[in-house]
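Below you'll find the structure, written out as C-alpha coordinates, and then a few comments.
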Amino acid sequence: MTQTAESPAGVDSSVYEQVQHFYARQMQDLDAGRAAEWAETFTEDGVFAANAHPEPTVGRAAIAAAAAAATADLERRGLRRRHWLGMLTVTPEGDRLRARSYALIIETPRGGQAAVRLSTTCEDVLVRSGDGWQVQHRQVLRDDLD
Amino acid sequence: MTQTAESPAGVDSSVYEQVQHFYARQMQDLDAGRAAEWAETFTEDGVFAANAHPEPTVGRAAIAAAAAAATADLERRGLRRRHWLGMLTVTPEGDRLRARSYALIIETPRGGQAAVRLSTTCEDVLVRSGDGWQVQHRQVLRDDLD
Amino acid sequence: MTQTAESPAGVDSSVYEQVQHFYARQMQDLDAGRAAEWAETFTEDGVFAANAHPEPTVGRAAIAAAAAAATADLERRGLRRRHWLGMLTVTPEGDRLRARSYALIIETPRGGQAAVRLSTTCEDVLVRSGDGWQVQHRQVLRDDLD
(Lines give C-alpha, C1' and ligand atoms only; values in the text may rest on other atoms or scores of the structure.)
Protein backbone atom coordinates (compact mmCIF):
# COMPACT_ATOMS: atom_id res chain seq x y z
CA MET A 1 0.00 0.00 0.00
CA THR A 2 1.65 3.20 -1.15
CA GLN A 3 0.10 6.31 0.36
CA THR A 4 0.71 9.24 -1.91
CA ALA A 5 -1.35 12.32 -2.62
CA GLU A 6 -1.05 15.45 -4.67
CA SER A 7 0.09 18.06 -2.17
CA PRO A 8 -0.94 21.73 -2.40
CA ALA A 9 2.47 22.45 -3.93
CA GLY A 10 1.81 19.99 -6.76
CA VAL A 11 4.52 17.54 -5.70
CA ASP A 12 3.60 13.94 -4.98
CA SER A 13 4.76 12.78 -1.61
CA SER A 14 4.18 10.30 1.18
CA VAL A 15 2.14 11.06 4.26
CA TYR A 16 5.22 11.68 6.42
CA GLU A 17 6.55 14.17 3.92
CA GLN A 18 3.17 15.86 3.52
CA VAL A 19 3.07 16.43 7.26
CA GLN A 20 6.62 17.83 7.30
CA HIS A 21 5.70 20.20 4.48
CA PHE A 22 2.41 21.13 6.15
CA TYR A 23 4.21 22.17 9.34
CA ALA A 24 6.80 24.18 7.42
CA ARG A 25 4.05 26.16 5.68
CA GLN A 26 2.11 26.55 8.91
CA MET A 27 5.10 27.89 10.85
CA GLN A 28 6.03 30.27 8.01
CA ASP A 29 2.45 31.57 7.99
CA LEU A 30 2.49 32.10 11.76
CA ASP A 31 5.88 33.81 11.87
CA ALA A 32 5.06 36.07 8.92
CA GLY A 33 1.93 37.26 10.73
CA ARG A 34 -0.47 35.74 8.19
CA ALA A 35 -3.12 35.14 10.83
CA ALA A 36 -5.92 34.15 8.43
CA GLU A 37 -3.76 31.64 6.55
CA TRP A 38 -2.51 30.27 9.88
CA ALA A 39 -6.08 29.84 11.13
CA GLU A 40 -6.98 28.00 7.90
CA THR A 41 -4.49 25.29 8.88
CA PHE A 42 -6.88 24.40 11.72
CA THR A 43 -10.34 22.92 11.30
CA GLU A 44 -13.27 25.29 11.77
CA ASP A 45 -13.71 23.87 15.29
CA GLY A 46 -9.97 23.41 15.90
CA VAL A 47 -8.61 23.52 19.44
CA PHE A 48 -5.26 24.96 20.54
CA ALA A 49 -4.44 23.93 24.11
CA ALA A 50 -1.23 24.73 25.98
CA ASN A 51 0.03 24.22 29.50
CA ALA A 52 0.96 27.92 29.46
CA HIS A 53 -2.69 28.96 28.93
CA PRO A 54 -5.47 28.66 31.50
CA GLU A 55 -8.04 27.79 28.80
CA PRO A 56 -7.72 26.31 25.30
CA THR A 57 -8.36 28.56 22.29
CA VAL A 58 -11.33 27.09 20.44
CA GLY A 59 -12.36 27.69 16.84
CA ARG A 60 -10.68 29.22 13.84
CA ALA A 61 -11.80 32.78 14.56
CA ALA A 62 -10.31 32.72 18.06
CA ILE A 63 -7.13 31.09 16.75
CA ALA A 64 -6.77 33.84 14.11
CA ALA A 65 -7.37 36.57 16.70
CA ALA A 66 -4.75 35.12 19.06
CA ALA A 67 -2.16 34.98 16.26
CA ALA A 68 -2.91 38.55 15.19
CA ALA A 69 -2.56 39.76 18.79
CA ALA A 70 0.76 37.91 19.21
CA THR A 71 2.08 39.38 15.95
CA ALA A 72 1.15 42.91 17.01
CA ASP A 73 2.82 42.39 20.38
CA LEU A 74 6.05 41.15 18.78
CA GLU A 75 6.14 44.09 16.38
CA ARG A 76 5.66 46.52 19.25
CA ARG A 77 8.59 44.89 21.07
CA GLY A 78 10.81 44.80 17.96
CA LEU A 79 11.16 41.01 17.99
CA ARG A 80 11.28 38.45 15.19
CA ARG A 81 10.10 35.00 16.19
CA ARG A 82 10.74 31.71 14.38
CA HIS A 83 8.99 28.47 15.25
CA TRP A 84 10.97 25.33 14.41
CA LEU A 85 9.33 21.90 14.53
CA GLY A 86 11.41 18.76 14.50
CA MET A 87 11.77 15.15 15.63
CA LEU A 88 8.35 14.52 14.09
CA THR A 89 6.62 11.18 14.55
CA VAL A 90 3.40 10.41 12.68
CA THR A 91 1.02 7.59 13.65
CA PRO A 92 -2.16 6.87 11.67
CA GLU A 93 -5.31 6.40 13.79
CA GLY A 94 -8.14 5.46 11.45
CA ASP A 95 -8.38 8.33 8.97
CA ARG A 96 -6.62 10.72 11.35
CA LEU A 97 -2.97 11.17 12.17
CA ARG A 98 -1.40 11.66 15.55
CA ALA A 99 1.69 13.82 15.01
CA ARG A 100 4.12 14.46 17.83
CA SER A 101 7.06 16.82 17.52
CA TYR A 102 9.43 19.07 19.37
CA ALA A 103 9.11 22.81 18.83
CA LEU A 104 11.64 25.53 19.49
CA ILE A 105 10.95 29.24 19.51
CA ILE A 106 13.92 31.34 18.41
CA GLU A 107 13.68 35.07 19.02
CA THR A 108 15.79 37.89 17.60
CA PRO A 109 15.49 41.51 18.76
CA ARG A 110 16.02 44.11 16.04
CA GLY A 111 19.77 44.76 16.01
CA GLY A 112 20.26 42.16 18.75
CA GLN A 113 21.29 38.60 19.44
CA ALA A 114 19.16 35.59 18.41
CA ALA A 115 18.47 33.08 21.17
CA VAL A 116 16.34 30.10 22.07
CA ARG A 117 13.31 31.42 23.90
CA LEU A 118 11.29 28.25 24.55
CA SER A 119 11.50 24.49 24.07
CA THR A 120 8.17 22.64 23.85
CA THR A 121 6.50 19.48 22.64
CA CYS A 122 3.56 19.63 20.24
CA GLU A 123 1.00 16.86 19.91
CA ASP A 124 -1.53 17.23 17.11
CA VAL A 125 -4.51 15.36 15.78
CA LEU A 126 -4.55 15.98 12.01
CA VAL A 127 -7.46 15.37 9.67
CA ARG A 128 -7.66 15.32 5.87
CA SER A 129 -8.72 18.53 4.18
CA GLY A 130 -8.92 18.25 0.39
CA ASP A 131 -5.45 17.15 -0.63
CA GLY A 132 -3.81 18.40 2.54
CA TRP A 133 -4.15 18.29 6.33
CA GLN A 134 -5.62 20.41 9.09
CA VAL A 135 -5.09 20.48 12.84
CA GLN A 136 -8.19 19.42 14.74
CA HIS A 137 -6.53 19.46 18.14
CA ARG A 138 -3.13 20.76 19.27
CA GLN A 139 -1.55 20.37 22.68
CA VAL A 140 1.62 22.38 23.31
CA LEU A 141 3.62 21.66 26.47
CA ARG A 142 6.39 24.03 27.49
CA ASP A 143 9.41 22.23 28.89
CA ASP A 144 9.86 24.80 31.66
CA LEU A 145 6.37 24.18 33.09
CA ASP A 146 5.00 21.04 34.76
CA MET B 1 14.52 1.03 -8.47
CA THR B 2 12.10 2.40 -5.92
CA GLN B 3 13.10 1.58 -2.35
CA THR B 4 10.02 1.56 -0.17
CA ALA B 5 9.15 -0.45 2.89
CA GLU B 6 6.31 -0.66 5.34
CA SER B 7 7.57 1.36 8.31
CA PRO B 8 6.62 0.51 11.91
CA ALA B 9 4.04 3.28 11.75
CA GLY B 10 2.32 1.61 8.78
CA VAL B 11 3.14 4.41 6.32
CA ASP B 12 5.05 3.60 3.16
CA SER B 13 8.09 5.72 2.69
CA SER B 14 11.50 5.95 1.08
CA VAL B 15 14.71 5.05 2.86
CA TYR B 16 15.59 8.69 3.57
CA GLU B 17 12.22 9.26 5.16
CA GLN B 18 12.39 6.03 7.13
CA VAL B 19 15.68 7.16 8.62
CA GLN B 20 14.28 10.60 9.50
CA HIS B 21 11.32 8.93 11.19
CA PHE B 22 13.57 6.40 12.94
CA TYR B 23 15.65 9.18 14.48
CA ALA B 24 12.57 11.11 15.60
CA ARG B 25 11.24 8.05 17.45
CA GLN B 26 14.66 7.27 18.86
CA MET B 27 15.18 10.79 20.24
CA GLN B 28 11.64 10.87 21.70
CA ASP B 29 12.35 7.53 23.42
CA LEU B 30 15.62 8.82 24.84
CA ASP B 31 14.24 12.15 26.06
CA ALA B 32 11.16 10.52 27.62
CA GLY B 33 13.43 8.21 29.61
CA ARG B 34 12.25 5.04 27.86
CA ALA B 35 15.62 3.37 28.29
CA ALA B 36 14.54 -0.10 27.14
CA GLU B 37 12.87 1.22 23.96
CA TRP B 38 15.92 3.39 23.31
CA ALA B 39 18.22 0.41 23.67
CA GLU B 40 16.05 -1.58 21.23
CA THR B 41 16.97 0.96 18.53
CA PHE B 42 20.52 -0.44 18.70
CA THR B 43 21.57 -3.91 17.63
CA GLU B 44 22.21 -6.41 20.43
CA ASP B 45 25.95 -5.76 19.98
CA GLY B 46 25.52 -2.05 19.21
CA VAL B 47 28.32 0.39 20.00
CA PHE B 48 27.94 3.98 21.21
CA ALA B 49 31.23 5.85 20.99
CA ALA B 50 31.76 9.53 21.80
CA ASN B 51 34.75 11.85 22.01
CA ALA B 52 33.40 12.87 25.43
CA HIS B 53 33.72 9.31 26.78
CA PRO B 54 37.00 7.50 27.51
CA GLU B 55 35.51 4.16 26.35
CA PRO B 56 32.64 3.26 24.01
CA THR B 57 29.46 1.79 25.50
CA VAL B 58 29.06 -1.69 24.03
CA GLY B 59 25.91 -3.81 23.86
CA ARG B 60 22.24 -3.11 24.37
CA ALA B 61 22.25 -3.75 28.12
CA ALA B 62 25.03 -1.22 28.72
CA ILE B 63 23.33 1.29 26.40
CA ALA B 64 20.05 0.92 28.34
CA ALA B 65 21.83 1.31 31.68
CA ALA B 66 23.62 4.47 30.52
CA ALA B 67 20.33 6.01 29.36
CA ALA B 68 18.59 5.14 32.62
CA ALA B 69 21.42 6.69 34.63
CA ALA B 70 21.34 9.87 32.51
CA THR B 71 17.56 10.14 32.94
CA ALA B 72 17.82 9.77 36.72
CA ASP B 73 20.55 12.42 36.81
CA LEU B 74 18.46 14.89 34.79
CA GLU B 75 15.44 14.33 37.02
CA ARG B 76 17.53 14.94 40.12
CA ARG B 77 18.77 18.21 38.62
CA GLY B 78 15.28 19.31 37.46
CA LEU B 79 16.26 19.46 33.79
CA ARG B 80 14.37 18.54 30.61
CA ARG B 81 16.60 17.60 27.71
CA ARG B 82 15.67 17.46 24.02
CA HIS B 83 17.88 15.92 21.35
CA TRP B 84 17.40 17.37 17.87
CA LEU B 85 18.95 15.69 14.83
CA GLY B 86 19.17 17.49 11.53
CA MET B 87 21.09 18.02 8.30
CA LEU B 88 20.87 14.27 7.78
CA THR B 89 22.74 12.61 4.91
CA VAL B 90 22.21 8.93 4.14
CA THR B 91 24.57 6.86 2.01
CA PRO B 92 23.93 3.17 1.24
CA GLU B 93 26.93 0.87 1.73
CA GLY B 94 25.90 -2.62 0.65
CA ASP B 95 22.91 -3.51 2.79
CA ARG B 96 23.88 -0.96 5.44
CA LEU B 97 23.42 2.77 5.59
CA ARG B 98 25.91 5.37 6.69
CA ALA B 99 23.89 8.22 8.22
CA ARG B 100 25.58 11.46 9.21
CA SER B 101 23.77 14.25 11.01
CA TYR B 102 24.12 17.20 13.31
CA ALA B 103 22.69 16.90 16.80
CA LEU B 104 21.78 19.64 19.24
CA ILE B 105 20.98 19.18 22.89
CA ILE B 106 18.51 21.74 24.24
CA GLU B 107 18.09 21.90 28.01
CA THR B 108 15.40 23.56 30.09
CA PRO B 109 15.55 23.82 33.87
CA ARG B 110 12.18 23.57 35.62
CA GLY B 111 10.86 27.14 35.74
CA GLY B 112 13.92 28.36 33.86
CA GLN B 113 15.25 29.38 30.48
CA ALA B 114 15.76 26.89 27.60
CA ALA B 115 19.19 27.00 25.98
CA VAL B 116 21.48 25.15 23.63
CA ARG B 117 23.70 22.94 25.76
CA LEU B 118 25.76 21.08 23.14
CA SER B 119 26.31 20.93 19.40
CA THR B 120 27.59 17.64 18.02
CA THR B 121 27.86 15.52 14.91
CA CYS B 122 26.50 11.97 14.84
CA GLU B 123 27.73 9.30 12.44
CA ASP B 124 25.83 6.03 12.45
CA VAL B 125 26.02 2.68 10.71
CA LEU B 126 22.43 1.47 10.38
CA VAL B 127 21.33 -2.08 9.59
CA ARG B 128 17.93 -3.49 8.64
CA SER B 129 15.79 -4.88 11.44
CA GLY B 130 12.47 -6.31 10.25
CA ASP B 131 10.81 -3.39 8.48
CA GLY B 132 12.88 -0.76 10.27
CA TRP B 133 16.47 0.11 11.14
CA GLN B 134 18.85 -0.28 14.06
CA VAL B 135 22.10 1.43 14.98
CA GLN B 136 25.04 -0.93 14.83
CA HIS B 137 27.65 1.74 15.50
CA ARG B 138 27.31 5.37 16.58
CA GLN B 139 30.06 7.95 16.84
CA VAL B 140 29.14 11.25 18.50
CA LEU B 141 31.62 14.12 18.32
CA ARG B 142 31.06 17.18 20.48
CA ASP B 143 31.95 20.41 18.70
CA ASP B 144 33.65 21.85 21.79
CA LEU B 145 36.15 18.98 22.01
CA ASP B 146 38.97 18.09 19.62
CA MET C 1 2.11 12.06 -11.48
CA THR C 2 4.82 10.70 -9.19
CA GLN C 3 8.01 12.75 -9.27
CA THR C 4 10.93 10.53 -8.33
CA ALA C 5 14.53 10.57 -9.41
CA GLU C 6 17.69 8.68 -8.63
CA SER C 7 19.46 10.91 -6.15
CA PRO C 8 23.26 11.16 -5.99
CA ALA C 9 23.14 8.79 -2.99
CA GLY C 10 21.38 6.15 -5.08
CA VAL C 11 18.12 6.30 -3.13
CA ASP C 12 14.90 7.06 -4.94
CA SER C 13 13.00 9.92 -3.44
CA SER C 14 10.45 12.63 -4.08
CA VAL C 15 11.36 16.19 -4.94
CA TYR C 16 10.74 17.43 -1.39
CA GLU C 17 13.04 14.79 -0.01
CA GLN C 18 15.69 15.43 -2.63
CA VAL C 19 15.76 19.07 -1.62
CA GLN C 20 16.02 18.20 2.08
CA HIS C 21 18.92 15.86 1.30
CA PHE C 22 20.54 18.43 -1.00
CA TYR C 23 20.56 21.03 1.78
CA ALA C 24 21.95 18.57 4.31
CA ARG C 25 24.88 17.76 2.01
CA GLN C 26 25.37 21.42 1.16
CA MET C 27 25.52 22.51 4.81
CA GLN C 28 27.87 19.64 5.72
CA ASP C 29 30.16 20.70 2.85
CA LEU C 30 30.14 24.31 4.01
CA ASP C 31 30.74 23.57 7.69
CA ALA C 32 33.52 21.08 6.92
CA GLY C 33 35.32 23.75 4.89
CA ARG C 34 34.95 21.90 1.58
CA ALA C 35 34.80 25.15 -0.37
CA ALA C 36 35.04 23.58 -3.84
CA GLU C 37 32.26 21.05 -3.15
CA TRP C 38 30.14 23.84 -1.63
CA ALA C 39 30.63 25.99 -4.71
CA GLU C 40 29.59 23.06 -6.93
CA THR C 41 26.16 23.17 -5.29
CA PHE C 42 25.65 26.52 -7.05
CA THR C 43 25.33 26.99 -10.79
CA GLU C 44 28.37 28.39 -12.60
CA ASP C 45 26.67 31.81 -12.58
CA GLY C 46 25.07 31.34 -9.15
CA VAL C 47 24.28 34.36 -6.98
CA PHE C 48 24.51 34.55 -3.18
CA ALA C 49 22.80 37.68 -1.89
CA ALA C 50 22.36 38.63 1.77
CA ASN C 51 21.03 41.63 3.63
CA ALA C 52 24.27 41.52 5.66
CA HIS C 53 26.40 42.07 2.52
CA PRO C 54 26.60 45.32 0.52
CA GLU C 55 26.90 43.35 -2.77
CA PRO C 56 25.87 39.86 -3.82
CA THR C 57 28.59 37.26 -4.43
CA VAL C 58 28.34 36.24 -8.09
CA GLY C 59 29.69 33.11 -9.73
CA ARG C 60 31.06 29.84 -8.46
CA ALA C 61 34.66 31.02 -8.14
CA ALA C 62 33.67 33.96 -5.93
CA ILE C 63 31.37 31.74 -3.86
CA ALA C 64 34.21 29.24 -3.30
CA ALA C 65 36.62 32.02 -2.33
CA ALA C 66 34.16 33.49 0.17
CA ALA C 67 33.64 30.08 1.80
CA ALA C 68 37.37 29.44 2.00
CA ALA C 69 37.95 32.84 3.62
CA ALA C 70 35.15 32.23 6.15
CA THR C 71 36.59 28.82 7.01
CA ALA C 72 40.07 30.27 7.56
CA ASP C 73 38.61 33.02 9.76
CA LEU C 74 36.69 30.50 11.91
CA GLU C 75 39.78 28.34 12.34
CA ARG C 76 41.84 31.34 13.41
CA ARG C 77 39.18 32.18 16.00
CA GLY C 78 38.85 28.55 17.23
CA LEU C 79 35.15 28.32 16.33
CA ARG C 80 33.07 25.47 14.93
CA ARG C 81 30.03 26.60 13.00
CA ARG C 82 26.97 24.52 12.08
CA HIS C 83 24.31 25.68 9.64
CA TRP C 84 20.86 24.17 10.24
CA LEU C 85 18.09 24.57 7.67
CA GLY C 86 14.52 23.81 8.55
CA MET C 87 10.85 24.61 8.01
CA LEU C 88 11.46 24.06 4.29
CA THR C 89 8.76 24.83 1.74
CA VAL C 90 9.24 23.90 -1.91
CA THR C 91 7.16 25.34 -4.75
CA PRO C 92 7.67 24.31 -8.38
CA GLU C 93 7.88 27.21 -10.85
CA GLY C 94 8.15 25.71 -14.34
CA ASP C 95 11.24 23.52 -14.26
CA ARG C 96 12.68 25.40 -11.30
CA LEU C 97 11.91 25.21 -7.61
CA ARG C 98 11.46 28.03 -5.18
CA ALA C 99 12.66 26.77 -1.81
CA ARG C 100 12.16 28.83 1.33
CA SER C 101 13.57 27.83 4.69
CA TYR C 102 14.75 29.06 8.05
CA ALA C 103 18.44 28.81 8.82
CA LEU C 104 20.18 28.87 12.17
CA ILE C 105 23.89 29.27 12.75
CA ILE C 106 25.14 27.49 15.86
CA GLU C 107 28.66 28.32 17.00
CA THR C 108 30.89 26.51 19.48
CA PRO C 109 34.25 27.88 20.65
CA ARG C 110 36.92 25.24 21.29
CA GLY C 111 36.42 24.21 24.92
CA GLY C 112 33.44 26.56 25.22
CA GLN C 113 29.67 26.78 25.18
CA ALA C 114 27.60 26.22 22.02
CA ALA C 115 25.06 28.96 21.27
CA VAL C 116 22.76 30.26 18.59
CA ARG C 117 24.66 32.93 16.71
CA LEU C 118 22.18 33.96 13.98
CA SER C 119 18.63 33.26 12.85
CA THR C 120 17.89 33.87 9.17
CA THR C 121 15.57 33.02 6.32
CA CYS C 122 16.89 31.55 3.08
CA GLU C 123 15.08 31.81 -0.23
CA ASP C 124 16.56 29.85 -3.12
CA VAL C 125 15.84 29.30 -6.79
CA LEU C 126 16.95 25.74 -7.56
CA VAL C 127 17.55 24.26 -10.99
CA ARG C 128 18.08 20.68 -12.13
CA SER C 129 21.64 19.49 -12.48
CA GLY C 130 21.96 15.89 -13.68
CA ASP C 131 20.00 13.91 -11.13
CA GLY C 132 20.29 16.57 -8.43
CA TRP C 133 19.78 20.29 -7.87
CA GLN C 134 21.84 23.45 -7.83
CA VAL C 135 21.26 26.90 -6.39
CA GLN C 136 20.91 29.51 -9.10
CA HIS C 137 20.00 32.33 -6.72
CA ARG C 138 20.07 32.53 -2.92
CA GLN C 139 18.79 35.35 -0.75
CA VAL C 140 19.65 35.16 2.95
CA LEU C 141 17.96 37.60 5.32
CA ARG C 142 19.25 37.91 8.88
CA ASP C 143 16.46 38.35 11.41
CA ASP C 144 18.38 41.01 13.32
CA LEU C 145 18.64 43.32 10.29
CA ASP C 146 15.87 45.17 8.46
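A, B and C label the chains in the order they appear, each numbered from 1.
Operating definition for what follows: contacts are C-beta pairs under 8 Å (C-beta built on N, C-alpha and C of every residue); 3 or more make two chains touch, one makes a residue touch a chain.
All values derive from a computational prediction rather than experimental measurement.
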item: Equivalent interface positions on chain A and chain C, same or different at half; value: different
item: Cα-superposition angle relating the copies chain B and chain A, to nearest 5°; value: 120
item: Chain A-chain C separation of Cα centroids, rounded to whole Å; value: 25
item: Chain A residues counted as touching two or more neighbouring chains; value: 14, 17, 86, 115-116
item: Chain A - residues contacting chain B, complex; value: 1-3, 14-17, 86-92, 100-102, 104, 115-119, 143-146
item: In the complex with chain B, residue positions of chain C that touch it; value: 4, 6, 9-14, 17, 20-21, 23-25, 27-28, 80, 82-86, 106, 108-116
